[in-house]
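Each of the next two complexes has subunit A plus one other chain: subunit B in the first, subunit C in the second.
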Partner chain A sequence: MSSSQVPDRAAVAAEITPPWSRRRRRSPWQRAGNSSVPYLLVLPVLAAIGAVLAYPLYKLVVISFQKYGLFELIRRHGTWVGLDNYRSVLGDGVFWRTLERTVVFTIANVGLTMLLGTLIALLLVRVSSLVRVLLTVGLVLVWSMPVVVAVQVWYWMTNYQNGVLNYFLTEVHLGDYFQHDWYATNFSKLAMVTALIVWGAIPFVTITVYAGLAQVPSELVEAAEIDGAGPLRVFRDVTFPVLKPILLILTSLSIIWDFGVFAQPWLLVTASGWNASNYLMGVYVYIEGYAHSDFGRGAAISLLMLLIVALLSVFYVRQMVKTEEAG
Partner chain B sequence: MSAVTPAAPVSVAPGERVRTRTLSRRARRRKVQRAVWNAVGLVVFAVLVFPVFWMVSTAFKPTDEISSFTPTFFSRHPTLQHFRDAIDPQQHPYFWDGVKNSLIVVGATVAVSMVLAFLAAVSLAKYRFTGRSLFVVLMIGILMLPQVGLIIPLYVVLARYHLTNALTGVILVYLTFLLPFAVWTLRGFILGIPKELEEAAMVDGSSRLGAFVRILLPLVAPGLVATAVFAFITAWNEYIFAYVILSDQSRQTLTVWLASFYGSSRSTDWGALMAASTLTAIPAVVFFLLLQRKIRFGLTAGSVKG
Partner chain C sequence: MRVRYIAAVCLVAALAVTVSAATAAPSRSTASSITVWLQTDAQNGWPDIVASVNSQFEKDHPGVKVNVQYQQWTQHLTKFDATLAGGNAPDVIEMGNSEMTKYMAAGAFQDITSSKSSFANSSNWLSGLQKAATYGGHLYGVPYYAGSRVVTYRTDLFKKAGISKPPTSLAQFTVDAKKLAAKNTAKGFSPVYIAGPDWYVAMGFVYDYGGQIAKTFKGKWVGTLNSPKAIAGLTAYKNFFNVASHASKTQDEAHPFPYTVYAQGLVGAMPGPTWVTCCNLLGKYTKASAQFVMPSHTAGKPMPGFLGGSDLAVPVGANKALAVDWIKDFTDTATEKALQAKGNIPNATNLLGDSVNERAAARSWFIPSSKNWVNVENGNILRSMLTQILTGKLTVKQAATFASQNITSVLNG
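Here is the complex of A and B:
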């Protein structure tokens, strides 16, 4: 990244030094300093994270092997119960059904986000500059909405009494939606959550993919078109290969975020709307662990969830470290 | 279609004429295509922005228009009454507490995280050291942690040190999540500075600290501001941890106040709720619109060049 700005002096150096030593070319900072400096600079961040995150994570593992409720919270230590919490969670059908439901939910959300986000990015390239500016401003506006605010607006729009969604659907003759309750069935509830999440996630995907589209060589697109390739063919053979790394990163990020999502579903469906038959993983962890004050069992669920997300993150983190080392 | 070419010059060869005609046909098709795409673009814009528009429009509507079954899109009698209601101490006593608490939490978090993260970012951008990759993995890994999975241990640990229901507890928790983000983003900004500038300063005999203050700092300043603003937005919008840690209404942040607004009365005052939502969103929206070009969140840095 930074080496692209280095002018001819570096080019000369490149000719007289073998590649391996060029890669190790040190910055003036390093030459002048002694080796403890980088560690001293990183130390405050590490200390803060260690104090506020490492200890609780250790605590999480310990508590998951303990009986730990409100009584233990006041007494400040739990009673060792071995693997009881894990046995209880993994032997509970609710956990497995929640996991299954969350996987389906995540696939639907990520699929819709990526599809719509990419389509809008492709649209951005084709519209006139005025419409493009308008769309970009709209995307940024949506992007900047705080989650809590978005939930309130969504709730108002889908309100069964006089929500604008029911009015609109009835007006365009898609059926009679007069006083239709969107929070009546489990499927409908989760569909509303999906709509909210996808709406909020589209801008990030669109703007990133749009930036990536700038890398697609326009001569190649034109050449393909002159050779008679249709728009689908052009996308598959010219655009998609260039976008692929970006789409992969965005997809893995979206999977990680949507699998562990909590605020949107929790607030939109409201506390009374959740039960064992419609839990998502984030909501399940919160209700079974924290709200029921069964911290030991909750810790076991949390750890299982963190493990799943860690597995999902491996690809993304590896990709980021790779680009970091290249840059 | 192209019957509008009666006065074609005689000198033009027939083959030539056919070509111009197909060319103009292609140009026309392009034009039609462009118009269709523009129309689609406008529809997409309308759908995307509608919720935001609906929030603002409802906030300014008189109550009878809001509760009507046929909604009005632009009110003929706009009113500020809902804004007055939303922040009226008699009706909603904790709005100003929320603003104050949010500002304290966000201010402290951003100030501390920027200083600490800047040091670490310099280290990452300027030095190669053993354990560097591990540090990078740690930073990115923390950003990936689902927050809800950490509620229980953070709550248990904060309770032990009597930091639940205290702003300090929230500040500490926010720090751990903002630090990795700030380190990663700032590192990108520092990498963007040409090495030659620093080298020149050192050749001129400046000390390392002198080079740092006079050369590096002014160049990174825009990046520092951008990162600080994004940290501000993230902390301002945060809900989960503030909700779990703060139980007294007078100690809650603005997002927690807004989330509890809906359940606070039996029949929902939609106008006031939308006014309150608008007020909560304003700082984030303003900052975001000002800065959206500066940053692509660093999360996809490297995968998108340029």
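Here is the complex of A and C:
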């Protein structure tokens, strides 16, 4: 922890503590009242979080230990089965293959998002202000496009029968793409999903990194350049250390989003294109839980997912905190 | 320090989103109203019939409002599950006949056996629809209407290709498809458009050659797509597809809808539901379109088609008396006749006429009546098999054997 924060905290304390309370002796009653004020202020938020998050989460945990199918759903209470759901999920080859596929998928998506997002942010710094405005507007438009609409447009463009992409590629003589099937194999299906997700995620990364770049001291860059450092060297030794905490947050958020992603793959590949050999975790949990009406198993899978994502996040948060403390 | 807090808040928020939650919105019925879930087929095809039945019902039950909510096939079960959990299920729900078993087995519907005789034509109900609504000897649904599958074709293109009358055998249809292809050289033209993974069409070939999807043996389900007869059917499907269709081998019959391609003038003929000509051709070629029965490989016979249909059921917790009364009005002889006039098959044999739809229904097939069948559909076992066969990734026998094993394990699961 940096020593610069100690006076900060004192200053803050001085500001929020009314002057009279420092002069007079306070009764124990008053002291207790004062110290509980922050807790009272936090209470509404806690209540809201409890209602929308803690209770459903508690229900999810309970259901994951129960046999809870359509029969139980109608009677609204499950039968206790202990660890059966977890045992059956962990003993299912489909779960492990789906997990493996999803990890690879997440790495590819997050990697591409971070790489392209950062590169575009670096580009933003260098271009003229007109181009910067145009580029930013474009990014914001992408960011504000609702997922479902984006998927639909993407699907039309890559359509087998009437897609404009096939038409365009054929017209510019890049080969005969007439009736090219972009969703022919499991790999190509997931690659199309990746393209869509990365496209949609770049604006957030770019704009955040661009904001972070404003904090890079220009005199340091200048000094490094005078000392003869090339652009790569400047990025590695000057820009990157400043951006590191931001990049870590963005990476861990992206991992959380991409690991459990559902809307884009489900809508783009369409319900009829999914089978046990191409599930992603989000799709798998939907099929097992909702489509098969086995809510107990579905709950077990989503809790396992939560655990995996939490573990991944812990690693990144630790990294981040270390960076903070070192800085 | 600050970054740490922000990070923690962000992480908590993002983690919360990964834990999915179901939503349910429909209104709870009271004695002064009943909620009816019908499919969008009714909304697009016969909203007038629904409206007139509702006004009749509201006249007979003063003070009771009918609240019709239109649903989509692909989503209505997920929504229905949510309302069952929330205790606010509709009073009447339209169910596909292939969807009934799972819900009857789970006790989602009220037993209406005692009211059976009060429904019009109930002693002559189509056996396929009545069987789909019966579980353990009890009746849980009322047949609404059925639909068979026919071939819609372009009379002008057939004439231009020198085909004077619709084919009456699969071999003849194959020859006709080649003739159509020779006369129509537009890129992407399909003499007979079939989406590759359209299992409703493909299974017709299987049943035509004497095969079936699964059968019961000593109280257990056994997948039978790898039987020699089923393999002959699948091989015939592959051969016919290769001659006749330029549709995708991986995209289902909703992406794109065959009638969209048809309306673009790129289709000579297409098997599918009867009602496409009335409602879905965007006003194109409606005059130059006619329908015939999909021919069997045995000359003169129709190929067995999937007999789709709907039942009307009363979920648990619904107002049974009012729901049953509404269903009575909605399935009376006059209403069924009106549905027939729209190109559907009415719910009882004594109402049957001689339309192409009804002739096609003479030979039909139906899915195995297991409560786990839905999982075969959700797992896309048949569609994946067809894609593997058509793309040549696996031989017919390999793909059929793999699918059959899957079906056996899912149906017995």
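Everything below uses one rule, namely that the second predicted complex is superposed on the first by the 274 of 327 C-alpha atoms of A that agree within 3 Å, B and C clash if a C-alpha of one lies under 4 Å from a C-alpha of the other, contacts with A are read in each partner's own complex, and residues count from 1 in each chain.
The rule is simple: a residue touches a chain if its C-beta (ideal position, glycine included) is under 8 Å from a C-beta of that chain, and two chains touch if they have at least 3 such contacts.
Owing to the predicted nature of the structure, the values given are computational and were not obtained by experimental measurement.
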item	value
Partner chain in contact with A:I107 - subunit B first, subunit C second, else both or neither	neither
Which superposed partner A:L134 touches (first subunit B, second subunit C, both, neither)	first
Subunit B versus subunit C as contact partner of A:Y290, first or second or both or neither	both
First (subunit B), second (subunit C), both or neither touched by A:Y167	first
Which superposed partner A:I249 touches (first subunit B, second subunit C, both, neither)	both
Touched partner set for A:L306, first subunit B, second subunit C, both or neither	both
Contacts of A:L115 with subunit B and subunit C, given as first, second, both or neither	neither
Partner, of subunit C and subunit B, that touches more residues belonging to subunit A	B
Which of subunit B and subunit C A:R76 touches, first, second, both or neither	both
Touching partner for A:P56 - first (subunit B), second (subunit C), both, neither	both
Common interface residues of subunit A - those touching subunit B in one complex and subunit C in the other	1, 5, 53, 56-57, 60, 73, 76, 155, 159, 162, 245, 249, 253, 256, 259-260, 262, 270, 285-286, 290, 302, 305-306, 309-310, 313, 317, 320-321, 324
Subunit C partner contacts - residues on subunit A that touch it in the complex	1, 5, 53, 56-57, 60, 69-71, 73-76, 155, 159-162, 178-179, 181, 183-184, 245, 249, 252-253, 256-257, 259-260, 262, 270-277, 285-287, 290-293, 302, 305-306, 309-310, 313, 317, 320-321, 324
Interface residues, subunit B side, partner subunit A - complex	33-34, 37-38, 40-42, 44-45, 48-49, 51-52, 54-55, 58, 66-71, 116-117, 119-120, 122-124, 126-129, 132-133, 135-138, 140-142, 144-157, 159-160, 172-173, 175-176, 179-180, 183, 191-192, 194-196, 198-199, 202, 208, 211, 233, 236-237, 239-240, 244, 255, 258-259, 261-263, 268, 270, 273-274, 276-277, 280-281, 284-285, 287-289, 292, 296-297, 299-306
For the subunit C and subunit A complex, residues of the former touching the latter	1, 3-4, 6-8, 10-11, 14-22, 74, 78, 81, 84-85, 87, 102-103, 105-108, 187-188, 197, 246-252, 254-256, 261, 264, 316, 374-375, 378-381, 383-384, 391
Residue ranges of subunit A touching subunit B (in the complex, touch as defined)	1-2, 5-7, 9, 24, 26-30, 32-33, 35, 37-39, 41-42, 44-46, 48-49, 51-53, 55-57, 59-60, 63, 68, 73, 76, 120, 123-124, 126-128, 131-132, 134-135, 137-157, 159, 162, 164, 167, 199, 202, 204, 207-208, 211-212, 214-215, 245-246, 249-250, 253, 256, 259-263, 267, 270, 282, 285-286, 289-290, 295, 298-299, 302-303, 305-306, 309-310, 313, 316-317, 319-321, 323-327
